[in-house]
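Have a look at this one before I ask anything.
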């Protein structure tokens, strides 16, 4: 991808000082930028770099007046930082959706329909009866089971495994190695000590604008017609476990290696830190914040709490208790001293 | 798959009221069921739904007497719930083993023998000298290394990676993305601060009736002739770590994200909750129950304990101690008050 | 692979007693060894086995004098244990690098250069503009994104996913299912409760002699020109999370299921046990040892500490405090008793 300085200035409603015909093929930080690259200057403490940068162009504030000679072309805008951020986003989107066409060998089953402007990487597998929207990118080694449905503008990274009957919305991103729709962990104990498998016949539904990291697992629901449900706008990090029949509420964010046990319903706009564990069959209120490695064995009914520890309690209380925990041997000694003292005062009885 | 009501009644040793020639293609809950589907009525509090359901047929108790008109056909059995469960299991088995034949491209090395009634998905890879039993289902993107052995009726889901020389029994299920036989984590520290790799030359043996979830990892044993050993009937959830030379006893169940360190031997019929961690070179007694996120640094010799915390202690003791932990700042204040009081009584000395 | 006893003796600078032309195709423990296999005798308490072993040859100490008849040939060396270990290493290396050539179908994009003595497994995918060194082994289902660089003698196991622009050094081993270069978990909260994706445009750089286990994830850095950095000699186990912009110092070893949050810089020669969690934007000093399941919310500035707990404190202090924690209900009772006693002595006031 290559743009002229003029084209970029037009996207940003900016003004060009210098040769607008020069070409830009990359964004970079002002201190690192090389020929062909575009940087920005927002924080005045980086001003020194604009006099030495090799950037072909620099985005600057409209009222910027150089104190020395600048060899780069300039693009003058109202807010260089947000202009640059907008370009980063635009660039990221272009890179993410850049691949199109079909690489061979790839596999598509019968009765499958696929939209416009698709990418299907080599060794990707799409089963039978699948429906895939427009602008979907299915990277190499991705597996999409029979009768799955995938909305528009969704990106399935390499090696993602999507079991049959899964439904995924629009504008989702699923990173490499993630598994969606594997069997829930359901086994009925038998009298002889063995376990019988409880058939897992439901599916997974992922709504729009959901991002899922790498090597995460989302199990299907147990019963026909039931679904493990990831609501719109949810962001899941890497290596997360979402068990059968879980529901994750709108715009909830969960960090890496957290695990949600079966049939638990998580509210909206929650934030869970890494390695959090939540037991099964609970309801967690909206706006709950859970600190790293905390364990939640009971439902949280009051919204907006900040919790930590196992079992998790209020964050500030936990840290106050932990401050005393660290001095417990000292506490114990003080208690023993007091006991002796009091026993001494209390001569006849003793302890 | 489609059966007549008569066929289903025959499977269940039930009696038909209505048109036994009608066809059923799906099971469903009575409140959700549609035409072509089969539901059941067991709990009397759901009786209302039998008068409104669109199910083509409903399984009911032998002595059920409708109080209003029922439009569905009925299948009369002794125990509708267990009849329905049996059908779910049968259905699940049929779905699981439904795929047969060979999709192309797929890869098979030299000297490999494969049984009857196999499914080999597109992009599946089977190395050289592999032996695979009857009725085995090898889904797309599965990898089976050289000289591996897989028993009958085992299902290898998409993208499972099985290293060379692994042995897997009959009736096993391994979910997507799981890795079996990767190198144990063995490195010998050298004087200059670097580490030398300790060759990992053993394998993994998985006995019969084992289920393994998605994205779990089981490392091979270190030494030739040794094996990391998963005994019959073991059930492992998703994202579990099983290190080199571990042995998991018969019918033990381990929930998601738990980790077992190297050379530890777990007993039979244990149940470990999610995110449990167990140190290396331990022996864990039969019937041990370990609560979520607990850490086990020492062997457990007494059978039947219930443990939690780090280091894990008896569950009830932990919760009693934790109840006091939450009030530690208060305890500390009370102790300080007492110290002052006693010091006051004990005038000359002071604390 | 097959060697004569003479060839092996020559590698070990050892002397042969017996038929040096016999062939060895496997290493084994002396108590298990069969015909065609080579064992060793180092610890005198295993001497009994040398009189019964079926090993074709046994490595023994130079001054070993059999007390009975030995049917195996002998290889006499200075130190049988280290000779055998050297053979194990040599064998492991040969096995690891044994595969060569190209299996079909496999995919290579345009402008990609690949060195000598390569293995490219079936269904492996190498994008465009990739540079791969000599003696690299790319197993089936591995994915290597556009413009990635891989050094010499590196092994990429089945199903590894390496995103575009990743750089991997020489002599690295990456186990099955590991993902390198997935997007960092960066989302900017918006006023309406939704999140905007922060573009992740950096890459991952892995230096020489790094080993990475199975199903681990390493995210790319956020900004152009920045990298998540794994320094030389680092050893990472299975199912580890390394977030965006993390740096792991030289020769640091991290056990399974540990997680390092974004932008944290880990020192050299650290050892982290399993399931450790480290918060974001921290600096961890060299030679830090962190116990299993510990959580680190603050930077560690003093080198050489041993830490455990959440938040982690000195290991010995933690265990001293935990010893009292287990008796907290008793402590509480003792405090209550004292309070009563003191209140009794102190008659008029009361507590």
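A, B and C are the chain letters, set down in written order, and residue numbers restart from 1 in every chain.
One rule holds for everything that comes next: a residue touches a chain if its C-beta (ideal position, glycine included) is under 8 Å from a C-beta of that chain, and two chains touch if they have at least 3 such contacts.
What you see is a predicted model, and the numbers here were worked out from it, not measured in a lab.
For the pair subunit A and subunit C, the CA-based superposition corresponds to a rotation of 120 degrees in steps of 5. At the subunit B-subunit C interface, residue numbers used by both copies make up under half of all numbers present, so the two copies contact each other through mostly different positions.
Chain centres here are Cα means. That of subunit B falls 26 Å from that of subunit C.
The residues of subunit C that reach two or more other chains are 105, 123, 141, 159, 177, 215, 239, 257, 275, 293, 325, 327-328, 331, 335, 338, 342, 345, listed in rising order. In the complex of the two chains, the subunit C residues touching subunit A come out as 105, 107, 123, 125, 141, 143, 145, 159, 161, 163, 177, 179, 182-183, 185, 187, 193-195, 197, 199-201, 215-217, 219, 223-225, 239, 241, 243, 257, 259, 261, 275, 277, 279, 293, 295, 297, 310-311, 313, 317, 320-321, 323-325, 327-328, 331, 334-335, 338, 341-342, 345.
Considering their complex, residues 26-29, 32, 88-89, 91-92, 103, 105, 121-123, 139-141, 157-159, 173, 175-177, 209, 211, 213-215, 233, 235, 237-239, 250-251, 253, 255-257, 268-269, 274-275, 292-293, 309, 322, 325-329, 331-332, 335, 338-339, 342, 345-346, 351 of subunit C touch subunit B.
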